[in-house]
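Letters A, B, C and D mark the chains in the order given here, with residues in each chain numbered from 1 onward.
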Amino acid sequence: MNNGKINVTVWNEYWHEQSEERIRKVYPEGIHAAVAAALNEAGNFNVTTATLDMPEHGLTQEVLDNTDVLFWWGHCKHGDVSDEIVDRVQKRVIEGMGLICLHSAHFSKIFKRMMATDCSLKWREWAEKERVWVIEPGHPIAQGLGEYFEIEQCEMYGEHFDIPTPDKVVFISWYEGGEVFRSGVTYERGRGRIFYFSPGHESFPIYYNENVKKVLVNAANWAAPRTQLREHICPCVEPLEPIENKAK
Amino acid sequence: MNNGKINVTVWNEYWHEQSEERIRKVYPEGIHAAVAAALNEAGNFNVTTATLDMPEHGLTQEVLDNTDVLFWWGHCKHGDVSDEIVDRVQKRVIEGMGLICLHSAHFSKIFKRMMATDCSLKWREWAEKERVWVIEPGHPIAQGLGEYFEIEQCEMYGEHFDIPTPDKVVFISWYEGGEVFRSGVTYERGRGRIFYFSPGHESFPIYYNENVKKVLVNAANWAAPRTQLREHICPCVEPLEPIENKAK
Amino acid sequence: MNNGKINVTVWNEYWHEQSEERIRKVYPEGIHAAVAAALNEAGNFNVTTATLDMPEHGLTQEVLDNTDVLFWWGHCKHGDVSDEIVDRVQKRVIEGMGLICLHSAHFSKIFKRMMATDCSLKWREWAEKERVWVIEPGHPIAQGLGEYFEIEQCEMYGEHFDIPTPDKVVFISWYEGGEVFRSGVTYERGRGRIFYFSPGHESFPIYYNENVKKVLVNAANWAAPRTQLREHICPCVEPLEPIENKAK
Amino acid sequence: MNNGKINVTVWNEYWHEQSEERIRKVYPEGIHAAVAAALNEAGNFNVTTATLDMPEHGLTQEVLDNTDVLFWWGHCKHGDVSDEIVDRVQKRVIEGMGLICLHSAHFSKIFKRMMATDCSLKWREWAEKERVWVIEPGHPIAQGLGEYFEIEQCEMYGEHFDIPTPDKVVFISWYEGGEVFRSGVTYERGRGRIFYFSPGHESFPIYYNENVKKVLVNAANWAAPRTQLREHICPCVEPLEPIENKAK
């Protein structure tokens, strides 16, 4: 928190947008800039961005120590993220930092680390219609949405999605081509809250969709730390009751 | 499965028992041998053992491919387990192998990998009394036990235990010194079932306790794979409905 | 259990089939008979049936005491089921009897009782296609199924479905008309296991579908009691440690 | 909400305090008055009280419609609460009202209704020590507490407690006499949040304990509705995709 606002860092591998003209047309300043813009509209976040090619991928210890919620977008450069940075991010999540993984970040090192499963899914890029149904209408991440919202052209992500049973399945998507997908799921690990949200893609303007932007804002508010603690790890403790030490 | 029996591999770092006379007196052939003996009594397991100092820690791909349930005991040599073997074990769990982590294995690389949290806890070695209460009397792992069972002398493991919310808290322990602990907890990750059970220690004869032995047997039966599958990872799929490919 | 077989009772309000010719053509001997036939094919169940118009709706205490798993089908006669029988069924579920609620039983007294929520959903009877996706491929209820199965003509049941967060969402359905639904969900209440399965309808021959029949059989096997206990309710107990009674 | 404050109604059967001198000495104006006082100190609640002997037990439709969070304390008069009022309270919980059940309310009609299980437990009134351990240190209900807090003299409530698997086990209690108990557990049913908290008793001054008061305040803040909705029940809906009605 800074000036009463939640500190958000939006991370992007920032590759497609620099290497492919058709992608740059959709996200001229990068997907991170589009996500940051959506958050900035809400007015209660201090938003900064970080990308793969920055020193330490832009995620120094100092940056993370000052991050309440980290957004993650990656796709074809997952393997270039250093394990040391993944360790660092995981440690911060356990301490209380929120983590929002978007779309193809299902296969990022940090998401797979936090899930401990394969995170495999089906996919198809046919620009078909996706209808995102609200399954938990009372959940903070679903506030301000109707019963469903639509994405006119999407990359299909389909079940089976190999993730641990979520705490809450907030959204389930219907696809024109016949699949379904748990498209918004929540977890807690240590003190940190995690949200995975599948809509979004490099070649479709999904992060400009008003409902998607609402979800990004809601998710950042939901995942912001309630408490953060650096605990002493595995302390040896004295008894609280007057017992004898028989192990001496 | 082999001859209709469940294939169990019991892994032990096997250090205390070889390096300290007082530990060897409790487990002359190693903790793995005591756990294996408890399982062998049940009659429906093919039990083998593996230790840290074996090539590939005794956990070659072939061994794991033929293991239905893996027990894990480690304490002061967690750091000596190679990351490559941890990766291999994790992959097998996701495919369907059961994993039972015992006592100080709460801090093993494989348990921390599967939990993705700190797995920190409080501890005290005063040889105090532990009373293990059954919280899920209908759970397969609790079958044949009374409402609780006691361990006369234990190492205390106390909350807060930093683990993800378990699927089921099967046991909660009461300690003479004033603490409580979620001493038996279950998870599923991928196709694999995971059980953590805190009772057990190198210097107390806990793995000879009749109730503890029942839990080990029940846990192995519960964690044995129902199905195992090596899925194709992230397949690109054709639509199931007759839609047009607008992304061409 | 009887002769090593699981005792199943299939309950049906049995109204549509007697009052409407077009329904009778689909299920000439009643939906209960079709469900019973599917279970009988499996060979490991003793199957009996019970209907609304029998004395005590066919669910006497003796019948329930000898029932391991109860299937429930109702639709337009939910209100005619006596509260006393609902109390009795609930008590048996808590003791360990499995309960499988089918399709329009989402609004039965017993399902609403066990869920404690509204159990409201959207519906449409347009005979559209339903594709049932397997979300938990390792779950016993999904064994023997492919990645999905289809029902050519169904009544659509759509989200939002007002139920407590399930232990496991085994199936999610896709509908031609654009909705999704958590079509197979599990719970535990007391010692009893509960499964709700939405496919099935009085005017479509869904209970003859081979995949649906597999689900019915799997569900009965899964829900069969592992243990049953009639506990003493709220016992006053002596302390287990030598403490003084300061309340005297 | 009213004047930006959360509307809380504290319900009490108010029997012990009127009928027994020794209880009246502890809670001269009733347990509801003590709970209300603890909440009033927090400053962000409009607190009113209601008791069994009021018309409609003080829980008219109007009162409930204006209640964000309802506290419930009952013990020996559970049976005197009318089923109609229980139905009404359940309906409001499903719509979004928070429900906090205290101590012996584990056996109230409304708690048993929402749990759908027996809610049985062990008990002993020996005025022994209870140590309440925080199991979810990041949970809003645990804010401002240390790792544990103690209650010098309590009525013991012990496992097995027959409740559905909680969403979160926030507290686990240790007792001098040797038992453990899941003493703070959360649920969601419909839009409503439910918290059960076992500390508290008519003859011990537990609701004056500073830590217990913190929990009451935290619980009321946590359970306050995020959204409330009266949904149309089971609507028949038109398709969202252009499909043909084959059922005509």
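The definition used in the following text is that contacts are C-beta pairs under 8 Å (C-beta built on N, C-alpha and C of every residue); 3 or more make two chains touch, one makes a residue touch a chain.
Remember, predicted model here, so these are calculated numbers, not experimental data.
Trainee: In contact with subunit B and with subunit C at once: which chains are those? Just list them.
Mentor: Expected: A, D.
Trainee: Could you compare the number of C-beta pairs in contact for A-D with that for A-C and name the larger?
Mentor: Spelling it out, more C-beta pairs touch across A-C than across the other pair.
Trainee: So the centre of each chain is just the mean of its C-alpha atoms; given that, what is the distance between subunit A and subunit D in Å?
Mentor: Here subunit A and subunit D have centroids separated by 34 Å.
Trainee: Measuring from the mean C-alpha position of subunit A to the mean C-alpha position of subunit C, what distance in angstrom results?
Mentor: Result: the chain centres lie 37 Å from each other.
Trainee: In subunit D, what residues contact two or more other chains?
Mentor: 131, 137, 158, 160, 165, 167, 176, 178-179, 188, 190, 240 - these are the residues of subunit D that touch more than one other chain.
Trainee: How is the touch graph of the chains shaped: line, ring, star, complete or other?
Mentor: complete
Trainee: Which part of subunit C faces subunit A closely enough to touch in the complex?
Mentor: It comes out as residues 131, 133-135, 137, 147, 158-160, 165, 167-169, 172-175, 178-180, 182.
Trainee: Taking the complex as given, what residues does subunit C use to touch subunit B?
Mentor: 96, 131, 137-138, 140, 143, 167, 176, 188, 190-191, 226-227, 229, 240-241
Trainee: Can you check the complex and tell me which residues of subunit C touch subunit D?
Mentor: Subunit C residues touching subunit D: 90, 94, 107, 113-118, 120-128, 153, 156, 158, 160, 162, 164-165, 167, 176-179, 187-190, 203, 231, 233-241, 243-247.
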